[in-house]
Structure formats: structure tokens, C-alpha cells
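Presented below is the structure to which this report refers.
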Amino acid sequence: MEVSLFIPCLVDRFLPSVGEAAAALLRAGGHRVSYDPRQTCCGQPAFNAGSIREARALALRFLDLFGDAEAVVAPSGSCVAMVRHRYGELPLPDRDLGRWAALAPRVEELGQFLERTGTSPRGLSWKGRLGLHHSCHFLRELDGAEAALRRILSRVRDLDVVELPSASACCGFGGTFSAKLPGVSVSMGSDKLDEAEAAGVDGLVLADAGCLLQLRGIQAARGRDRPRILHYAELLVEGGLRP
Amino acid sequence: MSDARRDILAALGTRTEAVGDPPHTPAPGPRRSPHELSRLLARRMQEHGVGVHLTQDHDASFQLLADQLFAAGVRSVVVAEEPLLEAIGLAERLARALSAVTVRRPGELHGDAAWEAMDAGITGATAFWAETGTMVLDATSRRALLTSLLPPWHLVLGEGERIHPDASDWERSLPPGEGHLPLVTLQGPSRTADIEKRLVLGVHGPRRVSAFIAVGKLLDFQDPTSDDPRGG
Amino acid sequence: MTGSAWRDPLEQMDAAVLDRSLREALDRALGLARRKRDDAMEELPDPAAARRRAAEIRRYAVDNLGALLRRLEDALEAGGVRVHWARDAAEAVSAVCRVAEAAGVRTAALSKSMVAEELGLEKALTGAGIEVVQTDLGERILQLSQDRPSHITAPCLHLRAEDVGRIFERTLGTPFSDDPERLSRAAAADLRPRFLSADLGITGVNVAVADSGTLVIVENEGNVRMVTTLPRILVSVTGIEKVVPDRAAALDLLQLLGRSATGQRWPGYITWMPPAWPREGPRPERHVVLVDNGRSRVHASGRYRSLLWCIRCGACMNACPVYGRVGGHAYGTVIPGPVGAALSPLLAPGPGTARLPQASSLCGECANICPVMIPLHSHLVHLRGDPAALGGHGGPGPRERLSFRLWRWFMGGRRRYGLSLWLHRMAERLAPRLVGRVAARLGWGGLRLRPRPAEVPFRARWRVLSNRPPGNGGPP
């Protein structure tokens, strides 16, 4: 398929390897991948903070840029949820709501897209034990995304994915929440890391850039780089993906 | 106050009649046999801390109840004025069987001290819900309510015919227009866990609840449930 | 807690998260509550369908609220119950005080009511010279210690047994104990004579059945039964939103209320009070106070109306990772947790409540667990951008508005965006300490380090990637 890559601003700026991994996964699945460099941000940070006018402006820009795409794919559950669900709640003119309604079903999270089109990677191997962290939007707002990810990971040889007791607990990022209630936010992320360390897993695998920055940020403050905090796309590339 | 009424209703919109029908409760699930229902009820009630006994008939219930009162050393009991209890002559039979026990009717108890002297209160139940292990009591009168509330031990005499699978089934069985039913439903002893989530029984209501349900007519009676380990 | 100067709730929360003993109490209580709720819901043949039905019932009831309240009033008055309507707390309190005064009430027994808390009813009655006793054990402990509830179904979960022991030693004169059983019995023994002698009983209402005028009140201790049976005057206060059309609807909701609140199949006691209560014999003089206090405004908003579906089970706060780390007091509201953070700013707009919707990571667990499927996290995020709904309070502050206008400029075009990347990298290279200070002020310094911009952002890598020949990472 013709796939337009939707690279979240956090990935572009801080985690470009996640974007590269996403592109590689799509190519390995036989898709033709394009990337429109005019894209910037889906507007979620503004919406999250209550700056509705700014969120609206970026939503309209997104609709302009991606409106004609056959398939829009992003390695980020929260951005996809923003476009698929929240755009319809913004004060957009009727015509643009129409454009949104037409585009929304074509915007998908990476793993969901791969599973749906039957183009998920096979033959990969990654040796180790990882805790699966359920990123909130991924788990609760994208129907089927969690199941799709589990299926993808289940095909990776030698990989042992475990469900830690707090797997569904929020990591504490929450976008602007991380700045508004930093003490509580860090407490939530710290508990996640403590659990992973106590369980002796090699790392946590997850599906959202925000979770990544949050957990890696707390880990860095502890002066450690283990257990590893990985986006699943990165894991799959490490698993020997040949694009 | 009528200004308040006018303003509030105005703020809520001008329609005086509800639009559409309220959502319907779904159709009942697969039917359980009377045997299964009575066993389910007993199990659930036991889980909630009730000493429940399925008996052959009211005579057997009475015998068991009298034995338990005797074994516990009860000295005074108040028996509610209810059709079932009247029909089997419970108060008189108890007075005859347990001569050392003072048997009272609620109407004979005047003042707090009289009520506080009661060790046990006996009532009937208008219905049972098997799924949730619930007993439904008719709030016939203040005295009837106090009988199941003030004494530390509440004993219930019931009939198997009044066991319903669940609340919805019971609700459907009520005659239409019988909306105005004063009731209390109860699960078992009074409970609180307000302090450190530690369960404490009998804080305001009874600490001990026992039920004797005659199911013989309902099913080919085999054997009563074994005694509740708590000796209820 | 009383008499403390007002402090921004978000500040209170970030302070409360450091309180280890509070955290232990919360972990213990809420972990258990959550597990019990899950077990109780799983026992239902179709928990998802049960939630959907409950949501439909509440939607129907709230959408038809005016009509159902009229029906409720008719049924109550036909049965001899006096109905008082109250636009705000002052009118509600005044109605109760007048009833008490007219009847020469000297003592009142109050069973647990969130609405009564909201109205400040206890304080008003005490001010009118009436001795008020809270009869729910948790509320009684708080009354004796002059503290506030921190949860809606487990009001004193922030206290340990030894705290209660000291409170009773001081106020009831009981010898010190840290045994919950002994303490509970001491409280019960103290309350018993008060029940028996109270002139006035005041209850809340869990569900009001419109067609028969039946008030449904749920509990486990037996104090509601006492309060509805013993005193000669009985006043029930309720928010206007608690009404449902008929008994079948009430039963459907009750099925979930116990399971969601405390993991019980059915609440320990339910008192079903039609106007004729009890059936025969002497009856208490009865009054019902229908309290608006901002609810009709939430109703009229349309978009936030589903917040009125709430049946006050407390499941959302049991599931909330924020509440679970800061407790109820930090919210500074009668109802804390997710539903409190959404409803309080709407019911009681002001600087004290306006920022509450920000105290959420929007994880959505509240909406996931709510028995009547209120999209709580959606309401929280929408309230952040809706100062109009909050009486002009809330919304991003001036500095934040400016930041986002600037941010939007940078996000508005490819070159501007590229400039932002370049500026960011330059700032980190040339003035890292300044960047660090800014980040630290936003909570990204100290226990959590800020991320660094990549030397080569994705869009720059793409230029390279897309130029690679196929089969080597380039496009096919």
C-alpha cells in the first residue's frame, strides 16, 4: 500500500530511531512509504493543555496535509487517538469535520496497520525477557491495538514477554501533566521502573513516545540504562529486520 | 420554595413528560431448578456470614431454631407479628419448648430498655434472591423493623417458594402497580471496615444472622445443608 | 485539616505524594477495593452489558430529569411526604433548619450523605443549636476529630487504627486501643443511645424512584436503618440527579453499585422507603429536599451532562493513579478523585477548583471502570479548555497561552518548525544550564532528566533514507 508516515513531533525531535524503525517495518512489509516533511504536530499538547484554538489550527493543518492519503500510519498510540477521536471534538467547521470523518478511519497505529494488512514482520529473534507496558491511549482508546502488538511480539523467537502486575498502570507522562504535577508524575514512572527492576526483566517494551521519554528520563536521573526501555518498533529492528 | 421549584424545573427544560421508554431489563437467563436455586441461595448466604439451613418443613425449621436458641443460652426473644409466624404459632411454641426463655411480641416492648433486653429477634422474609444471597423483609411496621435491627441476633423463618433467582425475577413477579412496597433487603450481619479496612460485624445492626428455609414442598427433599461452621 | 489556609490543590497534591504513611494507607485500601471490584464484576454473566444498561438508564433519567422530578414530587406528596426544592446550599440548609425548628428538634442523627457534606448541613444545624451526631462510623470518627472525609465510601481511610484510638481516647474517654474491632464497638456503644433518643433523622439518597416516590438508601452498618426507623422526623436530602423512572431501573443500578463501590454482590442493607413508611402504624413525619446547587447548570451545558449520571460509587477514585498517590484531602473538595475533579469546578466554580481537571494524566482508567460509563477523562481534558463552563475560571493561564501561541507559530510551517529544531539544539549546545533551569521548572530536572534533541532529527534522516536505493533501506 501507499503509506504516508505520520511521525509524532516527539519522535522527530527526540527519538528519530523510532521513526526510522517504523519506516523500515513498513518497507519490509512491502509498502511504499512516503513522508511529507511539511508535517509538524497533531496538536495534542495544545489540546491537552486546554489551548483549543491552537489545537484546532494544527488539526486543520493535519487535515490539509494528510487529507488525500490512502493510509496514514504513526508509531504512536496517543497521536493516532488524537486524530481519530479528539479531532471530532474540536470546534471545527462542518466541512472540516466532514474531512476528518473521511480521513480518521485511514489513520492507524503502526502495529495495528501491519496486522490488519497481514504485513507484520516474521522470522525475527530477540533474546530476552521484557515486560509489556500498556501505553494508556494504546490500551484504552485504540480498539485492537493491544492485541495486534501481542501477536506481532509473539512471533519473535526467543523473546519472552511477561505481564507485570502493573502493566496497565499509567507511566505518569500524560503530556502537560508531567509538568503540572511533576511529583505525582515521577512517582508513577518510578513505580514502573522499580517493578521492572524487581522483576529482573531485561527491559520494558511499549508503544508510545511519551512513555519512552518519561521512563528513560527517570532512569537517566538514576544514572542507569538498565532495564532497557524500548519502543516495540526499535525492538523489531534489533530483532533482525531486513527492509 | 415554589420559586425554587419553578427555577429548577425551568433550568432543566420545558418538557413535562419523559420522552421515550426507559431501557428494559433483559430477558431472564436460563432457568435453574428449585434444587439448584436453594443450594445457590444457601451458598451465597453462607458466604455473607449467615447461618443458613434448608429444612424439610416449618416444623423442622422450628426444631432447629429452638435448639440453637437453647444452645446459645438465649434468655429473651422477640417474635415479629407476621402472617407466617402467626400461622405456625411460633411464639406460643417457643414459649412452650423453651420455658426458661422470655418470648415477647414487639407490641409488648415499651421503651428502649425493654428492647435492649432482647437477645434475639425473629422475623419472616417476604422473598429471597438466590444470585445475591439476599433476604427481603417487608417493612410492615416500626416494631417489625426494630425486631430485625435492635437485638444482636436476627433469625429468619422462610419458605422455599419465595426463593427467586435474582432481584429482577422477583421484581417481575410483583403485581403491577405495587410500586409502593416498603422494604429492607439484607445480606447478613451488619458490617463495617472503616478502620483500616478490617471487617467488624454487628456495629449497629445484628452481629449474627440465621435463616431457616423450609424447602421440602419445593423439591424432593434430600438432606439439609450441613451446619454452618460458624454455628449459625 | 480545618482552619488551614487555602492552598492550590495541585500544590497540595505534589506535597501529599511525599507522605509515605498516607501512601501506605492508600495502597492497602485501594488495592483491595480494586481487586474486590474486579472479582465482583467478573461474576456477572455479562459485565459489559450490565454497564451499558446502567449507562442507558442514567442517560434516560438525566435527559428526562425535569419530567421525572415532577413525577417523583407527585408520588411523594400524594403519600404525605413534604417536598422542598432548593436552588443552592443556603436554601437547602434553611429548609432543613425550618423543619427542625418547627418540630422542636434538639438532637439529629445523620447517616452518610455526600450532599449533606456539600451543603455544610451539620455545621448549619449545630449553629442553630441542634446537637448533630454523624452515625456512619467513618464519618463519626471524622466528626470527633474535626477532620474531613478523604473518600466517598471509605471516609477515614487516611487514618490508622492508632489514630482512631487516640481520637476516641480524647473525645469519648475510652481507654486507648489500636484494635479496629474494639474501637468500632466503642463507637457503636456511644452511638446507640444517641440513635434511640434522636428527634430528627437525616439521610442521603442513593436512588429516587420516580413512579412510586420510593427513596432507596444503601449501607452496610445498619445506621441508615436506625435513622430511618427510630426518630419521629425523617428528612432525606438528595441531589436532583439521583432519580430513575422505576423500580426495575433502580435494581439494575443497584446491582452495579455494590460491586463497584466495595466489591459486594449487593449492599449489606438497602432501605426502600416509599411515601408510606413503614406500611402501618406510627410513621415519621417525612421531608425530602431536592438540591440543585449547580446541577441544573451542568445539565444545561449539554456536553458535561453525563457527569450527572454518577451514582457515587467511588470506583473511579479507587482506580485513579493520582488519587491513589495523594488521597482525597488534597483535592479540597467534598468529592475527590476523577469525578470530583470534573464535577467540583462545574458545581462550585472558582479559583479553588478550576485547576482540578489538570490533576490527571488522562490514563482513562476512571472511564474504564465507571459502572455507568461516564467518559470522565474526556470531561477532564475538555474542561481544561473551557473556562466559560467554569464561570470564567480555569483555562490556560496568560503565560501558558503565550507559550502555546508561540508554539503554534513554530508548528505552523515546515521552515518555522525546522527553525525550532535548530534553536533547540543550539540552546542545548550553548546554554545547557539555562535550558536545564527551564526544564527543571517544568519538572524535568532532578528526579527525571529532560530528553535531548537528536543531532539529526527524523526529517533530516528521511532525506538520506529516501535516497537510498531499494533493498538497502530505501523505497522499493
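First chain written, first letter: the chains are A, B and C, and each begins at residue 1.
Here, a residue touches a chain if its C-beta (ideal position, glycine included) is under 8 Å from a C-beta of that chain, and two chains touch if they have at least 3 such contacts.
Please read all numbers here as calculations on a predicted model, not as lab measurements.
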Greatest separation from chain A - chain, by CA centre: B
Most central chain, Cα average position: C
Approximate Å spacing (C-alpha centroids) for the pair chain A, chain C: 32
Chain A and chain B, separation of their C-alpha mean positions in angstrom: 55
Of all residues in chain B, those that touch chain C in their complex: 1-2, 4-5, 7-9, 11-20, 22-26, 29, 44, 48, 112, 129, 131-134, 138-146, 149, 167-168, 171, 179-188, 190-198, 200, 202-206
Touching residues (chain side chain A, partner chain C) in the complex: 7, 9, 11-16, 19-20, 23-24, 27, 30, 32-35, 37-38, 40-41, 43, 45-52, 54-55, 57-58, 61, 86, 89, 136-137, 140-141, 168-170, 172-190, 213-214, 216-218, 220-221, 243
Of all residues in chain C, those that touch chain B in their complex: 25, 28-29, 32, 45, 49, 53, 56-57, 60-61, 63-71, 79, 84-87, 91, 95, 135-138, 141, 154-157, 159-161, 164, 180-181, 183-185, 187-188, 191-193, 195-196, 209, 211-214, 220-223, 225-226, 229, 240, 244-249, 251-252, 254-255, 264-283, 290, 292, 296-297, 299-300
Contacting residues of chain C [partner chain A, same complex]: 10, 13-15, 17-18, 321-322, 325-326, 358-365, 367-368, 378, 381-386, 394-396, 400-401, 404-405, 407-408, 410-414, 417, 421, 424, 442-444, 446-454, 456-459, 461-462, 465-466, 472-473, 475-476
